[in-house]
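Two complexes, one shared chain (chain A), two partners (chain B, chain C).
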Partner chain A sequence: MTDIVAIIVNGLVYGSIYGLVAIGMTLIYGTLRILDMSQGSMVMIGGYVGWWALATHGVNPLLALVLAFVVTFVVGTLTELVSVQPLIGRRGEVDFEMVTFITTFAVGILLTNVALQHFGPFQKNVPPIVSGNLDVYHGVSISYHELTMAGVSVLLMGALGLFLARTRWGFAVRAVAQDLDAARSLGVPVSRLYPATMGLASALAGVGGVFLGALYFASPTAGDLPLLQALIVVVLGGLGSLTGTLYAAYLVGLMQAFCEVEIGTTWTLPILYTAILIILVIRPYGLKGSPSEARL
Partner chain B sequence: MTAALDVSGLVAGYDRTVVVRDLSLSVEAGKTAVVIGPNGHGKTTMLLAISGLIKPMSGSITLGDERIDRSSAESIAGMGVVHIMQGDGLFADMTVEENLLMGAFVSSSWRGRRETLKRVYADLPVVESKRDQKARTLSGGERRLVGLGRGMMRPARVMLIDEPSLGLAPVAIEAVYAAIAKLRAESGATVVLVEENFTHIGGVADVVHILETGSIVRSGSFDELSHDRTVVETYLGSITDVTT
Partner chain C sequence: MTGTFSGLSPTRWLMIGSAIVLVALFPLVYTDPYYMTIIVTAEVVLILNISWNFVLGMAGVWNFGQLAIYALGAYGAGWLMLHQTWMPAMIAILCGGLFSAVISVLLAFPTLRLFGIYTSLLTFSFAQVVQYVALNDPRGLTGGSYGYPTVPGLFPNMSQTSYLRAYYWVFAAVIVASCLVVAWLRQSHLGIALRSIRDSPGYTAARGVNPRMTRVIAFGLSGFLAGVAGGFYLSFEQSFTTSQMGLTPMSIDVTMLVIGGLGTVMGPVIGTAIVTVIQTILIDYPGWQLTILGATLLVIVIFVPGGVVGLISRTSKRVSAWVEEDSEAVEPAET
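Up next, the complex of A and B:
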């Protein structure tokens, strides 16, 4: 029983943070048809913002999260303007998906190196958002930090869902994802919508970065593993499908927790990747993606 | 006798392929101009150039007294050009109602969207009965009606309608043209409607233009042109069942 509770609690916590970092990638893939490889550096930047705000300036944790959101929103918007926007008009002549894969990756590496130059290679400790532990069930405990991380992630994903389902600009994002020319003919300003969408996705990863920074460290390469995990979750969920991304995030989270509790940490990654390999070979378009590509 | 829309010397196409060459067309305010011609001769390209979805290579397009041929699609939409695209241009995974609401996206229309929506539903009861269905689940005729309904969601100065009968069964075509007649009567908009032949346009056309290999080759009234055997034989090939 303790095992089951531990697996579920940890699985949900992992799943939530995977979901938060990955859902931005799905949002970008759904609207722009690109895999944004700069998402990892947004996690990294979020970590440094958390370190700067919490460790060196003693800022209120909530304010630190808002700050990380704003900073990564701006960086994400600029990344789009620099590495994606110039190529949009030339979609017909180039392999847009492949080229932007590389250009956003290049921006990510640049940002990593800027962090390396500025902050040095050493890891920085980020204090937790909330300290203390909660005893869930007979010795299964969870830190308030992780609990907050899961809560904020779910809250932000819910807010994103409401934004897309209810608001004028949310409609516009989905419309652009489904029929670009029709959306333009109805007056949707695509040249502003694309950067803003990438800013929003980056901001979600940035907030995730503050939490992950406290869980691990802030460092120039802190975004590398989250990027890889997000990529896996996004592909497993079916590229461009938001619900698929959620399923995949929690599935990966629960599988990871199961391995850690039942088999041992060293086996977690091999087992996880074997499972993903099998799932993708059987369903190459992911859990929720359709063979004809899911669209938001 | 003011022209609501004036196209002059338009050259347009895709990449290096010129489709529309030296096309000139002037439409009087409140009138419906129907452009007919064989497939692949530039009807759709002309409409795409007017609404800014492709950039004209040369020539001028004037809306009222404003040049729009260098403007972006979104600003042209904001000026009151409504483009009902070929093959509907519906958002397949959005509901019918969400599709309609997108028709009111420009900020001046968004505020009054609920009232407009009621009016459109009153005009098109079939559309209202499908309001919560995803667009992809609709039949071709229903989709076309939703497309027209979406075009009615904001005030139109100029409405561009691309082959509304394309691929539909005769009953559905009748319903679509009934909706177009309503739309013309209510909006008072200037309309440019494109079709492949004379078959369905008798009731709506104030002026008919024949488009061939990228430019307008004949203009006249519906009666005049549809009864002119040389027009029918020269430009429209095998079509013989000309109706009035």
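Up next, the complex of A and C:
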């Protein structure tokens, strides 16, 4: 019973943070058909912003989150302007998906190395947003930090859903996801929408980075593992499907918690990977993905 | 550099032949150990890049797991060299290559079911997982983060100069052989099948080409060469650690392939040379190496999509078109 509670609690916490990092990638892929490999760097930047604000300046945690959101929004927008904007309209000339995969990857390399130059290779301690632990059930405890992390993730994902379903910009994003040319001919400002979408997705990862920074550390390579996990979640959910990503995030979170409790941390990633490989061979487009239909 | 043997003029063959002779004679003239080490290391990377280019560029499968295949070859060869000491080093390296080929073929099957970006994600995660397991292996098979620190290698007990020369020649021979094989494969039945599966899988299958068999062969060949490259690296450096297969070496290799020109025969050679030169110049500023390489990658992908080889062939086409235009101008076409 203790095991089961531990698995469920940890699984939900992991799932929430995976969802937050992965949903940005899904959003970008669904609208722009870009697999954003710089998303891991946004987690890393978020971690450094958290360290800078919380550890060196003692800023209010909420303000630190907002700061991380703003900084990574700007970096994400700039990333789009550098790595994607020059390629738009050349879809016939270059393999758009492949080339943007490489360009965003290059931006990721750049950001990682700039961080390495600026902050050095050593890990920085990020203090938790909220301290203290909550005892859930006979020795199974969860820190308030993790609880806040899960809460904020769910809140942000909900806000994203509302944004897409209710606002004018949300309509525009979904229109572009359905049919780029039709959206453009109806007056959707694609050249502004692309950077904004990428900025938004990066900002979500940046907020995730502040939380993850406190769980692990802030370091130049802090984004690598979250990127890998987000990739697994995104592929499993079906690229471009927001609901699929959510299911996949919690499924992967629960599977990881199960492996950690019952088998041991060393084999968690391989087991997870094998399970996903099997799912993918059975369902090549992930849980909720579709070959080329409208998404989001 | 079209890669067709029949289309090559005798002059071209003469050029290729003399280039090979020059490459072979080079270490007899030049013996600086520092730069020779850099050159020999670059040769190993080039072998890996040739193998990767075959799958990534020619077959068009977005395989980003090649470094894991390479590392598995190195681990396979290293394990044999350390634990089966009776075995000649060359055989151990070939066995490592075979091991890599088998893993690579196994990786080919799921990629058959997936498309484009899904393939890259799957193979990318495969590479990460292999690195993670090698790093955290609880039974000490891979040596964890220390890897294999002392491996005898192909030529133990040799003076430094002849050591570097010996490796230089072995690797150069493998490079020349694999370039020729790739150039031949490109215009062979297999190469054409691979490229047409890349461009139109449904049509190719309908014309009676077996996509599964073709891709399995491609992955097998590429995996074998990558594994041999891994064994070579281990043998030359006399050590191997997981840092050889992380994101950093992968980004350097991708940069090399893209700068040279994906899917071409000479692309990996040119790309590896250019990036190695850049890295050597920046050796005193290690932090800037990757920053500059990342920026170069970005600029090349956006502004020179075909890489250097693509640029050269486009320029030469433009020049010949321009020459033709000039000769046409003598008698203007009537409309």
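Quick notes on this one:
Note that in this section the second predicted complex is superposed on the first by the 292 of 296 C-alpha atoms of A that agree within 3 Å, B and C clash if a C-alpha of one lies under 4 Å from a C-alpha of the other, contacts with A are read in each partner's own complex, and residues count from 1 in each chain.
Just so we're on the same page, a residue touches a chain if its C-beta (ideal position, glycine included) is under 8 Å from a C-beta of that chain, and two chains touch if they have at least 3 such contacts.
Small disclaimer: the values here were computed from a predicted structure and weren't measured.
Look at A:183: by the touch rule set out above, it reaches chain B but stays clear of chain C.
More residues of chain A are in touch with C than with the other of chain B and chain C.
Of the two partner chains, chain C is the only one that A:232 touches; chain B does not reach it.
In the superposed pair of complexes, A:166 makes contact with neither chain B nor chain C. Legend: residue contacts after superposition of the two complexes on their common chain; A:101 is shown touching chain C, with no touch to chain B. The contact surfaces that chain B and chain C form on chain A in the two complexes overlap at residues 93. Interface residues of chain A facing chain C in the complex, by the touch rule stated above, are 29, 35, 82-83, 86-87, 93-94, 97-99, 101-103, 105-107, 109-110, 112-114, 116-117, 221, 224, 228, 231-232, 234-235, 239, 266, 269-270, 273, 276-277, 280-281, 284-286, 291. Residues of chain B touching chain A in their complex: 15, 51-53, 72-74, 77-78, 83, 85, 89-94, 98, 101-103, 105-106, 110, 150.
Listed in rising order, the residues of chain A touching chain B in the complex are 92-93, 168, 171-172, 174-175, 178-179, 181-191, 295-296. On the side of chain C, the complex with chain A involves touching residues 62, 109-110, 113-118, 120-122, 124-126, 128-129, 132-133, 136-138, 247, 251, 254-255, 258, 287-288, 290-291, 293-295, 297-298, 301-303, 305.
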